[in-house]
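Note that the chains take the letters A, B, C and D in the order they are written out, and that residue 1 is the start of every chain.
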Amino acid sequence: MNKNKKGVGVKMVKVGIVGATGYVGAELLRLLSRHPQAEITYVVSESYQGQKISDLFPHLHNLHNLICQKLDLQALADNTEVVFLALPHGVSMNIAAYLLKKGKKVIDLGADFRLDNLAVYEKWYGQHTQEQLFTQAVYGLCELNREKIKKADLVGNPGCYPTTVLLGLAPLLKKKMIETGNIIIDSKSGVSGAGRGLNIGTHFAECNETLKAYNVGKHRHKPEMEQELSKLAEEKVQITFTPHLIPLTRGMLSTIYVKLEKGISLAEVYQAYADFYAQEYFVRLSSFGKLPETRYVARSNFCDLGLAGDEENGNLIIVSAIDNLIKGAAGQAVQNMNIIFNWEEKTGLDCPAVFP
Amino acid sequence: MNKNKKGVGVKMVKVGIVGATGYVGAELLRLLSRHPQAEITYVVSESYQGQKISDLFPHLHNLHNLICQKLDLQALADNTEVVFLALPHGVSMNIAAYLLKKGKKVIDLGADFRLDNLAVYEKWYGQHTQEQLFTQAVYGLCELNREKIKKADLVGNPGCYPTTVLLGLAPLLKKKMIETGNIIIDSKSGVSGAGRGLNIGTHFAECNETLKAYNVGKHRHKPEMEQELSKLAEEKVQITFTPHLIPLTRGMLSTIYVKLEKGISLAEVYQAYADFYAQEYFVRLSSFGKLPETRYVARSNFCDLGLAGDEENGNLIIVSAIDNLIKGAAGQAVQNMNIIFNWEEKTGLDCPAVFP
Amino acid sequence: MNKNKKGVGVKMVKVGIVGATGYVGAELLRLLSRHPQAEITYVVSESYQGQKISDLFPHLHNLHNLICQKLDLQALADNTEVVFLALPHGVSMNIAAYLLKKGKKVIDLGADFRLDNLAVYEKWYGQHTQEQLFTQAVYGLCELNREKIKKADLVGNPGCYPTTVLLGLAPLLKKKMIETGNIIIDSKSGVSGAGRGLNIGTHFAECNETLKAYNVGKHRHKPEMEQELSKLAEEKVQITFTPHLIPLTRGMLSTIYVKLEKGISLAEVYQAYADFYAQEYFVRLSSFGKLPETRYVARSNFCDLGLAGDEENGNLIIVSAIDNLIKGAAGQAVQNMNIIFNWEEKTGLDCPAVFP
Amino acid sequence: MNKNKKGVGVKMVKVGIVGATGYVGAELLRLLSRHPQAEITYVVSESYQGQKISDLFPHLHNLHNLICQKLDLQALADNTEVVFLALPHGVSMNIAAYLLKKGKKVIDLGADFRLDNLAVYEKWYGQHTQEQLFTQAVYGLCELNREKIKKADLVGNPGCYPTTVLLGLAPLLKKKMIETGNIIIDSKSGVSGAGRGLNIGTHFAECNETLKAYNVGKHRHKPEMEQELSKLAEEKVQITFTPHLIPLTRGMLSTIYVKLEKGISLAEVYQAYADFYAQEYFVRLSSFGKLPETRYVARSNFCDLGLAGDEENGNLIIVSAIDNLIKGAAGQAVQNMNIIFNWEEKTGLDCPAVFP
């Protein structure tokens, strides 16, 4: 059993992490090391095979018994009950298929099981070898899909941008309060969202003290958003999506512009959000006219939402803020695990942001 | 005459700066110290009266003879031919009136002479005591108003956000290529845009490593933009404008979403921009699909524009980047002076951004 | 009782915080909100009197029942058993005296009870009205003074710089391994160390993207360090101390240069540190030659130490890293409370840094 | 001839840059593009061969006729009179030898011609194939070696750390005012100093919001400093040198601790600096007790020096600040060219820092 846990007497679920040394993997290590019902029993990192997690990540010095393994599917399956895959798209699919056959639960933090249409997947990502799993996979946006997640063996954990946007638009689409043909989404992401792989665009001196839009009209999260937004709306939703890279390590903020259906007042809109999220611990609605800032969600699993209206032209502006690596990745994955195992949903995730 | 200038034999125009110790004032000091035809002869700073500029701004050690004066209108008029007012709104109006009576040229970097409708001014800013000057004042967006500026005695230097937006939209509005009723402007600004006055929102630990929208629907640059956009379009233009604060010192980027009129192709749009700015030194159009970054304009007077299309829904995305303190303030003011005095427009302004 | 706690059935100690809305106060609120044996019952903030903590600090939305009070000594005493004073120096002394008379425990996070010599205090800080408490006050560097803290009613919580330096030098001084007449301390601090009060030096655009030394030879932490270092060495220790301001929000790193006594080897030195801190949870010694980085301690209560030798001239370099607001202030204060109340020392503090 | 220059009628010197697409190369491109007597005629970048400089560096859009060439020694020699080598150590040596034979002037910005002892070079850098050039090479610290540089064909442009340290210590060593056996140098560098090559240590999310010492006792600039300091002192000088990485793009600051010889007063020390640098345009001495900040030298060729004394123990603290890529590399290289060609030394370099 892990040190540092009040786990005495509790049967711990055995957890594996594949891709443990990227930013999402590191957050899984940190969050799970403090989870009272889960024990990390197997970590895979091909790049750091044989090295101790506590050497690679000095902040995690207490996880002293974990050593990075190379990928050995059988050993992975033998040592775990649930596996988190924090891998580039295309790499997870076969690992997931193997683990599912062995009766394991799989939470994939990449893109392999987010889309439900093979053609769309292959247009944006390339070949898929496990399309038979598409119907089995559940899209893991906890607040919107909780009932399905409870019964899932395979969760496609949402992308970070889609998490901000889906939580930001769900009440409006469910209640059919807005026009769905021309939603404008202007998103801003901290640099850790681009991952730990070296790239000239994320070299410090190239992205510090500057601002840019990138992948305009070509970002892979666009089809994911349109798929899930359309399900919420029960009609085809079309978005224009522009992500921007911002010089901060963590944090993501989406500013969403929609046109209200005629006759819908801002007060009704606000009430719809308040009702929709009344029971949700991790979604916090700012009082009307106040808008979220990423610093109040950074390093936490919260999503903060704020609303503002442009009375003159009937536009509504929704601002949605998360920590891209937690609610946008590792935290939501743990939340999905909690749902699957029927634990209190905030177990291991109940840390506020740190200010300043 | 100033040290460091090849000004021997040239008659230098005498320049005053009122509000010399804010960020815009400091940039005027720096830019004008290197201008071959202008000599700073009088600087006013009430807060730092009696202090040497070279002590206040160690980077400007060569301007050793300048000492901050308190505001003495007569001395100011006696010692200058043109005066830059870098002051909060409401403070410039009477100073400008005095100087104009004395036959001086005035370039106001605040908001007192940007709007041409008294009611609008008073709604957004408060009382105005010199409304008779409204018709005399020229809106100093150099590339769009050059002919009027040539003959102006009083220039209302544009706000930073309006500079990005007007340069970003002018070709489209002039050519009537877009719908004008629902333009979405999502702007991002570095923190120096908020000025040098102390404020909890610009305290380092409160705005570093975070992101937020602010003044949504309530920013004072909105009426300024709508006024000038409407002139360009020759019809009422309505915008939704959301400014954001970004943790970098300098740089401003506006992402603008418009709907193309039916039948207008992206190629036509691109050509319209290329034609419109063909002769403009300070406006640079990125090749199609490439988008600007603030680092390539920071600390320069350039405005970089880029275009991207969202084919599926007929939206056009314009990205416009400037340095908020130069093309967005002090640099454009100097450019206005160059136009008024019929000097080459880039005199004293021809410095590229510094990379990285 | 606070929401979110497994405190059912446990008798919670009632805690007051005076100065709850500065950065140290905010960290106390956050840390104590999760402490299983302490309940915040009274918070004082004169500047925000009447306002809810959850409005002021959106990240702390769960502390919904706390409202900022004005300072009312009797009410404070009536509602608390232990009080944290997060106040400017000079303000705490009389409050502490009152609370002590009422039998409360007091942990002062300012400078009023760190020095034990009145003349030194008054030279650096100004008048002191409660010098009779000097002998009663215990210097709260937990790892070095634990036995005294256990019995203390009044703790002077150490400054942030002294925490890095004392933990960094204690093994050497205790073992008399270095010359004590010329210790060079070059410290670097993130900007939050300067507090939440507005100041031109901590205005974003004035301290972002720059570096400077400040208060050279004049920093108030110098006498505090010399006092405590001399106690450890049992002889007068003299330091040269240069603090620097670094453009990051959190983190403090001291690089300390000492000359080893003749005949002392680096291996002996390393072993001395390993032995000295063998039982200390919050002090982590890097393997020899590896040096700490602030990111591995930021937002945690850990102090990381590393050693490097300059063989050619017999110098030893010690690098000591902490989070300035946690181990350098609020975290150490909670650790002191844990010691006083005989709770496990890491209670409520056992959070690792968040990477990246 | 280059656009944008008043070069009409002036015979321009033809300049080559090898390694044009790193940070130092990019600064050479920018600085030389505005130099009134030098024309860039040949640029080499193996990585970007065939690409236009104006595409690679949008801020340099005016240099439209430059295209990156592969390295062709003969073409390089045929098209240039002076060549800047901005290359990794080990790569320049043979190129320099070839160009010298062809009668070209060579300014090497790497380490191949900084050291004058083969054994020292090979200990720190590896094999050297052109040691016969060591006696020919001049160490290009302009202010200290001007007379030799005037006659040089081959200049070894100093490292960035050595530039801060040599300018910071020269007056003291020349006047024999300090002890030379134990100089402590604590240096801090912005991240651009690590170059443009991808590396996990300079990946944004790994070096933003953190602080660390690196290469303690092992940095290659140590022997370079000791060599040149010893020449100034005319005796062996020994230093302890600790570089730190700081989360800002540009700027370098060294804090230097020395012990004054007995009987030397701080006033004498200050006067020695004032005298030593009285005629130096690019070295600015702060008034006593005031200390430099990197923001006042960033993006300029200035070196700012400040002094502070620790009266109690006879220590003197010297703070020395430069822009690591300008006075620490490309700017000093241009200054060396100006000296060699007998042009005014500040030609093309007379730009102040940009504030804020």
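The rule we apply is simple: a residue touches a chain if its C-beta (ideal position, glycine included) is under 8 Å from a C-beta of that chain, and two chains touch if they have at least 3 such contacts.
These figures come from a predicted structure and were not determined experimentally.
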Q.
Please identify the chain with the largest separation between its CA centroid and the CA centroid of chain B.
A. C
Q) When A-C is set beside B-C, which has more C-beta pairs in contact? A) A-C
**Q.** Chain centre separation in whole Å, for chain C relative to chain A (CA means)
**A.** 36
(Q) Centroid of chain C to centroid of chain D, CA atoms only: how many Å? (A) 40
**Q.** Separation of mean Cα positions, chain C and chain B [Å, integer]
**A.** 46
**Q.** Sites on chain A at which at least two other chains make contact
**A.** 23, 192, 196, 205, 208-209, 247-250, 292-293, 295, 356
Q | Touch list for chain A against partner chain D, complex | A | 23, 191-192, 196, 198-200, 202-205, 207-209, 247-249
Q.
So in the complex, the part of chain B that touches chain D is made up of which residues?
A. 4, 23, 26-27, 30, 33-34, 57-62, 192, 196, 209, 249-250, 284, 286, 292-293, 295-297, 299-300, 304, 350-356
Q: Give every residue of chain C touching chain D within the complex, in rising order.
A: 181-182, 184, 186, 188, 190, 205-206, 208-214, 216-217, 238, 240, 242, 244, 246-251, 253, 255, 257, 259, 291-295, 298, 308-313, 315, 317, 319, 321, 356
